[in-house]
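You will see subunit A twice below: alongside subunit B first, and alongside subunit C after that.
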Partner chain A sequence: MLTFLIRRVIGAALVCLAVTFIVFVIFIVVPGGDPAQRIAGKNATQQNIINIRHSWGFDQPFYVQYWDMLKKMFNGDLVSYTSQQNVVGQIVQGMPATFSLTIGAGIIWLFFGILVGVISAVTAGRLSDRLITVFALIGISMPVFWLGIVARYYFAEGGIATVFPDGEYYPISQNPAQWFWHLLLPWVVLAVLFIGFYGRVLRGNILDAINEDYVRTAKAKGLSPRRILIKHVLRTSLIPIVTLFGLDFAGVLGGGAILTETVFDLHGVGQYAAQSINNFDLPPIMGVTMYGAFFIVTFSVLVDLFYAYLDPRIRPS
Partner chain B sequence: MAERLLDVEDLAVHFATEDGLVRAVDGVSFGLDRGQVLGIVGESGSGKSVTAMTLMGLTRGVNAKFEGAVRYQGKDLLQISDREMQDYRGNEIGMIFQDPMTSLNPVYRVGEQIVEAIRAHDHVDRRRARRRAVELLKQVGIPNPESRVDDFPHQFSGGMRQRAMIAMALSCNPAILIADEPTTALDVTIQAQIIELIGRLKDDFDSAVIMITHDLGVVADIADEIMVMYAGRVVERGATRDVFYDPQMPYTWGLLGSIPRLDRPRPERLYSIKGTPPSLINAPRGCKFRPRCPHAFDKCMEEPKLEQRVETAGHLDRCWLDVTFKREHRDAMIAGESTEAA
Partner chain C sequence: MAQPATESEFTLDTAAELAREEGGHEIRGRSPWFLAWRRLRRNKIALAALLLFFLIVIACLLAPVYAHRVADTGPNANHPLDKVNVNGTQVSVLSQGGYLNKKTLQPCSTGGNDCKLFSSIPIGPTWVSGGGHFVLGADSNGRDVAVRLLYGGRVSLFVGVISSAICVILAIVLALVAGYFGGWIDFVITRFFDLFFAFPAVLLGIALGSALAINGFHHFGLNIGSGSIWIPTLVISYVLIPYVGRPLRGQVLSLREKEFIEAAISQGASPLRIMFSELLPNVASSVLVFFTLIIANNIVLEAALSFLGAGVQPPTASWGTLISDGETLIVTRPWLSLAPGIAIVLTVLALNVFGDGLRDALDPRAKVRVEH
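Up next is the complex of A and B:
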């Protein structure tokens, strides 16, 4: 078990490194990415640019630059090309908003995704199942930027029916009620897509599991339908949902909810990433990528561990 | 006379499907006494499994339609609610299935699954249920039951899993044990052990057994009575000895001919019944075996009733052929193909 863990952690670290390297190389290759020109501004002379290039180290070979950047990233003195602000500081600043968004939305989408999946599987073929299917497909098909803007238009401050405050993150330490109130709309908007998707996946898994021989055995033992569903059907059906949730949750935590964060102006990590990409600003992009990759690989290790707990057949002996 | 446990009267099970009405079981009647072993034999799709599962209420569903009666100690199991049926499953009638690999839930310990079966009907605490599970595993011949009880199914071999399934099915001491092809998925060397085990436990638990198989050889030693099914109906029924030594249905001859036997001259090839079982949606007119029967004649266009045509009481069949003619001609089919060609 321990060797398994160590192997996974080393692997995870390598994946993170590889990801930053790929991002770096892409950035070098992409045209128009000369950071010296951007730093120098519109009216810079050629000499200015050369000076900047030298003082920032852009005239070094790319592997030296990469190594330099990695060093700075781990020292915490990675600095943005455009705003000259410290990248780690910016990410840390965005984390409360991103974490609040992810955890709240994650709870909502997991709970309702499972609920929707179970209800539609249990009533498969009947009206409730068909209605849920239609709503799930609508949910999956609605893009976040559209749904977010519509939600703001109708329910947020200045909208048609003012129920919620309009955007922006409110720190939980200052006022938990306000924090909750500000986040409710983004949570729901982000969760809608996942609810529809998880519901569909779970429905299929349950309908497969119901036909398993061991479910027939459970029935032949004289167990109640509810017990069969919870103990024998759901246990196996939820295994794929665990993977999905682990990776989706990590993705959003790592700044993946760019659209939601931007639409609701939450100033989270995702929004920071979006701005940096717009500005062709390599250091923050590297920083956010490393940050995101960290969550993805961490959660995939966690998912593997949880898997082994759920399914004894894959436990490393 | 032994206690009557089960009376199946004119049972019909039909399923509505997209292609039409599947008459999976049609007019099946039989009885079962305590301590008796009934073998139900037939090919895939002959309705033997559906019959057995119907006794347990496992075929219930929106598309299923039942006729006739399944009387368990006088109570018609077709008429009771799903909730009431739960009390019979496992408690009064236990069942083991064909594939022990997939019939146990892979994510729960074997002991836990037996404990669950015990606690579904007996209100005992976990510790006592667990002790009983260990005891049951010992009875079915699992070595070191105290430690194996905490194993997962994948840590058991195929034969051991089937033993665990038997332990589970017997955990509430049911009056009837239904074994649906219990040996089909097992190694030949294990098959005999399992059959022997079922025979022994039947006496220990004072139960009756319904053994379903496509292999007459499996039930030869253990069954008191054999019921041969074809296309959803019983085509021959009688004491095991009579069905083996005086078979009346050409279909039974085919089944007998398909078992290798050491007590007869070896044929070049075992007999195989030509063709495939008929569709249960559009069954052939008259005798259902007619299209595959080498001895079919005009009268077979009309379906014969299941009745006694030989001297032995209780030996019934559905065949128009003359008994003396059959006794003269059946050996060719039973003995195998080299004899037929000669």
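Up next is the complex of A and C:
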């Protein structure tokens, strides 16, 4: 077990390193042209460009640049090209919004995903199952940013009614009620896609599990349907959901909610990444992808451990 | 406990039953594809979804006809000074802006809550009263939104379908090579897949998309200009390779151990032959389902990238750029964003429903699915 853990942690660290290298290649090597020119803008003098090139180290070979950037990243003094602000500081500033968004949406999508999946599996083939399937498919088919724009228009900008505040994040430390009220719409919008998806996966898993021998045995023993469902069927069917949830949750926590954050103007880490990408600002993008990769990789190790705990059959030896 | 749905399950009994329906003919051998087609044919919802998808494709293909014959404009033609005849009255395509109430469009004082500075106010949807002109209204440049919606559909569908084809082909090759050869080749390819799972797909997509949007791509003998729709197409195809490649590799890995592969090897078949004429046909049904579902996924991804400015570049219309163009005017002219969004939902929904039906028909027990 310990060797498994050590191997996974080393692998995870290597993946993070490789991710930074890929981002570096994408932004320094792929576009071609002169990065100093881009930072200086269209009206820069030749001397300006030369100064920028020198001070940011663009005149160095690319492996030296990469090494410098890594060093800065681990020392925490990575600085944005455009705003000159400290990247770590900016990410830390965005974390409360991103964490609030992810945790709230995560609770909603996990709860309703499981509820929807169980109801549609138990009533498989009947009207409620068909209706749920239709809604789940519509939920999966909606682009999240479009749903966000439309929801914001109808419920926050007076399309139907002005019920919710119009975007922006409100710190929980100042007023928890306002915090909740500001985040309710983004939570629901972000959760819709996952609810549909989890519901469908769980429905399939439950229907598979119902046909297993041990369920027949449980029935033969005379257990009540409710007990069979909760103790025997759900226990196995939920295991893949745990994996899915761990990875999705980490992805959203790690800046994957770029679209929701941008549409609702939450000033989270994802929105910071989106703005930096538009400004072609490499250091923040390095910082955010590293931050995101850290969460994804950490959670995938955690999920593996939890998985082994839940399902003895796949315990690593 | 309710019984599980059995309608999609296929057993030997159903095969015999189907054969009997043929009208007392002798039971003949049927190819799996033929049986799958017969199962699919009975799934009316899936067929309706396929029909809807083709209707959308045809509508988008007919965009030039609509633009020139009915709307008398092009996808990028601005009409800032034109007037259009709505029910006999002449209405300007773009009316004067200024400080206006967001909803009523009446002039208002600058301090008001619903007050906003507009550069100009485009005409709203004329529906049927405009004689085919500006059916869905105009955007802030005075371009016909209905025309742009159809042209945008061509771009979105092109990006979606072509990127999925490239993605699936590359994923097949990687999965076959990894699964067949195993060893260090498999190790390298699986690590490559793992690496891309560590990125949020959208983040990788925008990073690549915006990097390439600056100067285009000029490496390895390929020269793609910065405004080309091949850039989002290639970016999107690349991002999702591991999502298809990983499950396919798993399938190839288990097929590799089957007797028929051993037989082929003992007959002296070359690796290429085994990969493409023994292994590939056995994963073909999964590939087909993946292809359908990935198109749906990629259409959404294209819209997301274009919305963030890292996909299709203006003035080219795509469903994503249209939503983003309309966002600033959402309160005043909601149809600018609603229409392309609805187009995406309908297309993607049709593909998802059809993909599901296809999976049930091809292999009732398969567990192919696409992760978002």
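Basically, the second predicted complex is superposed on the first by the 309 of 317 C-alpha atoms of A that agree within 3 Å, B and C clash if a C-alpha of one lies under 4 Å from a C-alpha of the other, contacts with A are read in each partner's own complex, and residues count from 1 in each chain.
Please note the rule applied: contacts are C-beta pairs under 8 Å (C-beta built on N, C-alpha and C of every residue); 3 or more make two chains touch, one makes a residue touch a chain.
Keep in mind that this is a model prediction, so the values were computed, not measured.
Enquirer: Look at where subunit B and subunit C land on subunit A after superposing the complexes, then choose clash or fit.
Expert: Fit.
Enquirer: Let me test your reading of the model: by the given contact rule, A:228 touches which partner, first (subunit B), second (subunit C), both or neither?
Expert: second
Enquirer: State whether A:124 touches subunit B only (first), subunit C only (second), both chains, or neither.
Expert: A:124 sits against subunit C, while subunit B stays out of touch.
Enquirer: Is A:219 contacted by the first partner subunit B, the second partner subunit C, both or neither?
Expert: both
Enquirer: Taking CA centres, what is the subunit B/subunit A/subunit C angle in steps of 10 degrees?
Expert: Value: 80 degrees, nearest 10.
Enquirer: A:184 in the overlay: touching subunit B, subunit C, both, or neither? Say first, second, both or neither.
Expert: In the superposition, A:184 contacts neither subunit B nor subunit C.
Enquirer: By the touch definition at the top of the document, which applies to A:310: first (subunit B), second (subunit C), both, or neither?
Expert: first
Enquirer: Which touches a greater number of subunit A residues, subunit B or subunit C?
Expert: C
Enquirer: Could you tell me how near the closest CA atoms of subunit B and subunit C get once both structures are overlaid on the shared chain, in Å?
Expert: 5
Enquirer: Identify the overlap between the subunit B-contacting and the subunit C-contacting residues of subunit A.
Expert: 219, 225
Enquirer: Which of the residues in subunit C come into contact with subunit A in the complex?
Expert: Spelled out, the residues of subunit C in touch with subunit A are 1-5, 7, 102-103, 114, 194-195, 197-200, 202-203, 206-208, 210-212, 214-215, 217-219, 296, 300, 303-304, 307-310, 320, 323, 327, 330-331, 334, 337-338, 341, 344-345, 348-349, 352-353, 356, 367, 369, 371-372.
Enquirer: For a test of understanding, state which residues of subunit B touch subunit A in their complex under the given definition.
Expert: 56, 58, 82, 86-91, 94-95, 97, 99, 102-107, 116-117, 120-121, 152, 154, 165, 168-169, 172
Enquirer: Using the touch definition up top, name the residues of subunit A that touch subunit C in the complex.
Expert: 15-16, 18-19, 22-23, 26-27, 30-33, 38, 121-126, 129, 137-138, 140-146, 149-150, 152-153, 157-159, 193, 197, 201, 204, 207, 210-211, 219, 225, 228-229, 244, 247, 251, 254-256, 258-259, 262, 273-274, 277-278, 280, 285, 288-289, 292-293, 296-297, 300
Enquirer: Provide the residue numbers of subunit A that touch subunit B in the complex, in ascending order.
Expert: Residues 212-214, 216-225, 231-232, 235-236, 310-313 of subunit A touch subunit B in their complex.
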